[in-house]
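Pasting the structures in now, so scroll down.
Across the two complexes that follow, chain A remains constant while its partner is chain B and subsequently chain C.
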Partner chain A sequence: MKSSNNKKHLLTGNEAAAEAAILAGCRHYYGYPITPQNELINHMSIRMPQVGGTFLQAESEIAAIYMAYGGAAAGARVMTSSSGPGISLMQEGISYLAGSELPCVIVNVQRGGPGLGDISPSQADYFQAVKGGGHGDYHNIVLAPASAQEIADLVYDAFDLADRYRNPVMILGDAQLGQMMEPVEFRKTPRTHQTVKRWALTGAEGRARNIVKSFYPVKGELETFNIRLQRKYRAVEQEEVRYEEVNTQGAEIILVAYGTCARICKEAIRRASGTGLQIGLLRPITLWPFPKEPLRRLAKKARAFCVVEMSAGQMVEDVRLAVLDRCPVHFYGRMGGGVPSSREILKKVLNILAPEGTLELEIPEIPTELGKGLYFSTIP
Partner chain B sequence: MQALYSAPETLIRTPSHYCPGCGHGIAHRLLAEIIDELGIRGKTIGLAPVGCSVLAYNYLDIDMCEAAHGRPPAIATGIKRVHPDNIVFTYQGDGDLAAIGMAEIVHAASRAENITVIFINNAIYGMTNGQLAPTTLLNQRTTTTPEGRDPLTHGYPIRICELLATLEGASFLARTSLSSPKDVSQTKEALKKGFKTQIEKKGFSLIEVLSPCPVYWRMSPVESLKFIEEKMTQTFPLGVFKDWEKTVSAPGGQATKV
Partner chain C sequence: MTEKIILIGYGGQGMMLFGRLLARATMLDGKQVTFFPSYGTEVRGGAACYHLIVSTEEIYSPVVEEADTIIAMNQPSYLKLKNYLKPSSLLFLNSSLVKEVESLNEITTYRIPATEIANELGNVVASNMVMMGAYNTIKNLVPLPLFLECLQSSLRGRKAPLLEVNTLALLRGEEYVKKTYLKGERIFKTSAV
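Showing the complex of A and B:
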């Protein structure tokens, strides 16, 4: 496809990520095939040569992340992408990126695990993405889109954030978001925040040499460096928290979900409208930094939270840490490729509000809104 | 008075952290001399991974990048694709290149990646206190082969030049040694040829340098030079294995004497 802004394209989330990266000025992509992110690497293989960029299929995800590391060290906007097993292989490199303060955008199109798992949607890589994943005290900035459009928007932002903070940024999607086709409109002027990279390796002609490293063998130096890193992370926490609130005013129960699960939660809210049930949603858009403050604020009013994830319960720990014992936090999760339905979520909500089963709800059938995007018809 | 000999500009004057008799210091100096002679200091980017030479950037006054264990060829690829007109080299040990980084070096060579690789073969893991390397000789004692390398347990030494010579993408492959003044000057010639290969955009070049590690070979510096000449070169014959200029190509691994 020819890149043209201001026009709607029907794209998979994976293709939207690739195209947005190109529009954001990324000219170096390294990857290794793995389902469910293949549309991304395939799209890059077609588009990069068209725009004079580099597409290289690496010999492994280990090589891919280090090729990206090299491109980043050389001062370019670089991207790599993978899923589950491949992202696990990249963890050492991601730690090195953080330790060397190199900007890089990494897309994880999550699939079911552990091990080889399967290729269906999952959110079980939350801990890996948000808590570090590799060794040492570091954070990725983690963005969680919930549609192909938002993937495109957040990929632009990911490059800006990576450059501004000299830090790896991970886009945490899943098989559903990556492979589903949706209309996408690319924002007009994405390349707003390209920074001058004086630290980059370009050859030392006419200036003092640059060294890219994460090694601090002299006693005390590494701790000083870590303190500086942590200061940077505090600044990110101050400046970059993003979230969406739906229907939270006066809500009795607040769902907390990101990505695909957040969309299903929105559907649950739509289905409950008119029934008298007051359900709200807080959708973190940045998983790190995590929207702690908004949760604390909502905890003062709501009766309970219910975290919905395609995992055994990972983000729920951060919700609990944010609200502590101010408000009960419940969880509903599906694992191993299971995707929760809006009906399951509503049942869970009823169960929370009236555990004895005294509350019955006639759940109306969902109006068919296929054109609007995600529609789960598998109602048990 | 005319200066006939001086330290290369690219070499930073600072106390060395290498052990007495170590080969790394000699190799660094040769590199610095070549960078000066070719006039490429301002556009050279070097990569040093973990290993005894992880601090190579303390000695070479050029842009440098640290690398994770085994990954220099991948990182160098990323740098070179951004700056195709810069000169990019990696400086790797045998553990780095021939064990954990085997996939990266083979694939960089197969892609004819236009980079220069300096491969310091000291048949040992120096930095981590002298363990078995893929290039450790049969019967050689290391901290993890206290009875000597037994091929039934630990396999046979890997000959990198011979292995890479089977790849069309490799343009210049040579093995030299640091065991005598003559060998040192041949090493310099080979390194220079490696850089020339890159400057002329002829593709992948690798120079394997047999280098002493007296400390973990448990020898005196002089004995370790003898060990290279008498023992190491038996397993790792010196020579040119591939040369784009002379179309020396030895897929069977037969070296042509330099």
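Showing the complex of A and C:
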């Protein structure tokens, strides 16, 4: 027991993401500081020179994403990271990455928005991450970790997925996951399938030249390319859906939540144990591709779903699309740095189960206690 | 076993270090732990609040809703801590800086003049370790030698000279709480110093 504990490190989620990237073979990081992901860029600035990699603090997020584009085109494992406002600036570049079929890992440690917002936890960038965000028909593969350990594990996988599908992969965290410290154990042998990238721009000596581009001006070419892209996305949807189910067997109400909210839902389930309330949880680990099938399966038995998010209701739309009208889908959300408490979630569940059922309180009252440094005071 | 702790104080009173050391020591002791610091606007003099959960089981929510223990270092934090109280909470107040405005009858409260004790030792920044000494004597969350090991590894190089005053502060906190609240019923032997 003791020996295994020695391998554990107490790290913030941000640091776990950075270290895992290095272990996964990433040697090129480009970024620009923004709270709450600064521990990531800080860790990279220390570690990259130690492992002979490149750390570059770009002049802006726009520059950072195109530096990542350049590195990816040359065949390197590249990473960039930011939070809401910076990720918004990167959207054009992310569309270009998808259009040029370049692998890249992008970490978004979500903060409250819109605009400059604040620096506390949020999940309001879901639409942007999952529905494209930039222009054109494309998808990011979006992974949603719920602990520092899972951040590390998913960062390994993110590089593999990016390489396998030649597609940008986004790790969608939030301020709480980024800032919180937890024990992390790094996998000894990350699945680094660093395949030879025959398409990469490595100098064309002795071979035909490679072209990396997202521009198809000849009529019809672009549609052909888009059809190919969509085939790739269907393959991703077939192969890569991941989720976790907790207590769903015989559950009356199924909570659906990802990241930080999923952990608070688990707390609510633990709190309710022994009360006779049958509550389950489906936690999507991939937000795109979205676990539609498991939701449809659960919709046959559950009385209702309740989606819990730190947003005004974004993932709830995908849940509704998945289950259509087979099962009612309720929503509970907090916004602008508000984090739901397990008590609030249970109150909502009771509300749904109450025979009146009409006490639909979709947006909570404005919390009275939102003092500085006490973002998480509970609502009585 | 689950212990949910809220640490509140001014930025600069060392609650971050306190929490990080406690988290690290409990991790090395084989327990699950989450430590969620507040960040950003919490500069020196600002209010800083930290959520620390230690458990033998998997920790779900890292957010403390009802605390088993609250350690409050100053007046503004004392005024805010009511959000986290439940009847069985233990409250550790830095009585040097907290003037209680109302009595919290049901709550077991330990009043430790941490700032005064640290000042006597010659370094006011060690008040956090006075609180740690007092807290751990009551709750026995981590073996003290393990905590000291973590303290030592975080106070290296330039900061090495601070080890002595911090270790002394820990012991003075322990001594104070024993003398004042335990009346010699339980005397823990420490291997330190």
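By our rule, the second predicted complex is superposed on the first by the 347 of 380 C-alpha atoms of A that agree within 3 Å, B and C clash if a C-alpha of one lies under 4 Å from a C-alpha of the other, contacts with A are read in each partner's own complex, and residues count from 1 in each chain.
The definition used in the following text is that contacts are C-beta pairs under 8 Å (C-beta built on N, C-alpha and C of every residue); 3 or more make two chains touch, one makes a residue touch a chain.
Model, not experiment: these values are computed from the prediction.
Novice: Applying the touch criterion given at the start, work out whether A:317 contacts chain B, chain C, both or neither, answering first, second, both or neither.
Specialist: A:317: touches no partner chain.
Novice: Given the touch rule stated above, what does A:341 touch, chain B (first), chain C (second), both, or neither?
Specialist: After superposition on chain A, A:341 lies in contact with chain C alone.
Novice: If we overlay the two complexes on their shared chain A, which of chain B and chain C does A:183 touch? Say first, second, both or neither.
Specialist: Only chain C is touched by A:183; chain B is not.
Novice: With touch defined as at the start, can you tell me which chain A residues reach chain B in the complex?
Specialist: Checking each residue of chain A against chain B gives 28, 30, 54, 56, 58-60, 62-64, 66-76, 78, 92-93, 96, 100, 201-206, 209-215, 217.
Novice: Considering the complex alone, what residue numbers of chain B touch chain A?
Specialist: Answer in residue numbers: 41-45, 54-55, 57, 61-68, 71, 74-83, 86-87, 103-104, 106-107.
Novice: Tell me, which parts of chain C touch chain A in their complex?
Specialist: 8, 20, 23-24, 27-28, 30, 32-42, 46-49, 51, 60-65, 80, 83-84
Novice: Show me the residue ranges of chain A that touch chain C in the complex, using the header's touch definition.
Specialist: Checking each residue of chain A against chain C gives 1-2, 5-6, 8, 10, 35-36, 119, 175-176, 179-183, 260, 263-264, 266-267, 270, 339, 341-343, 369, 371-378.
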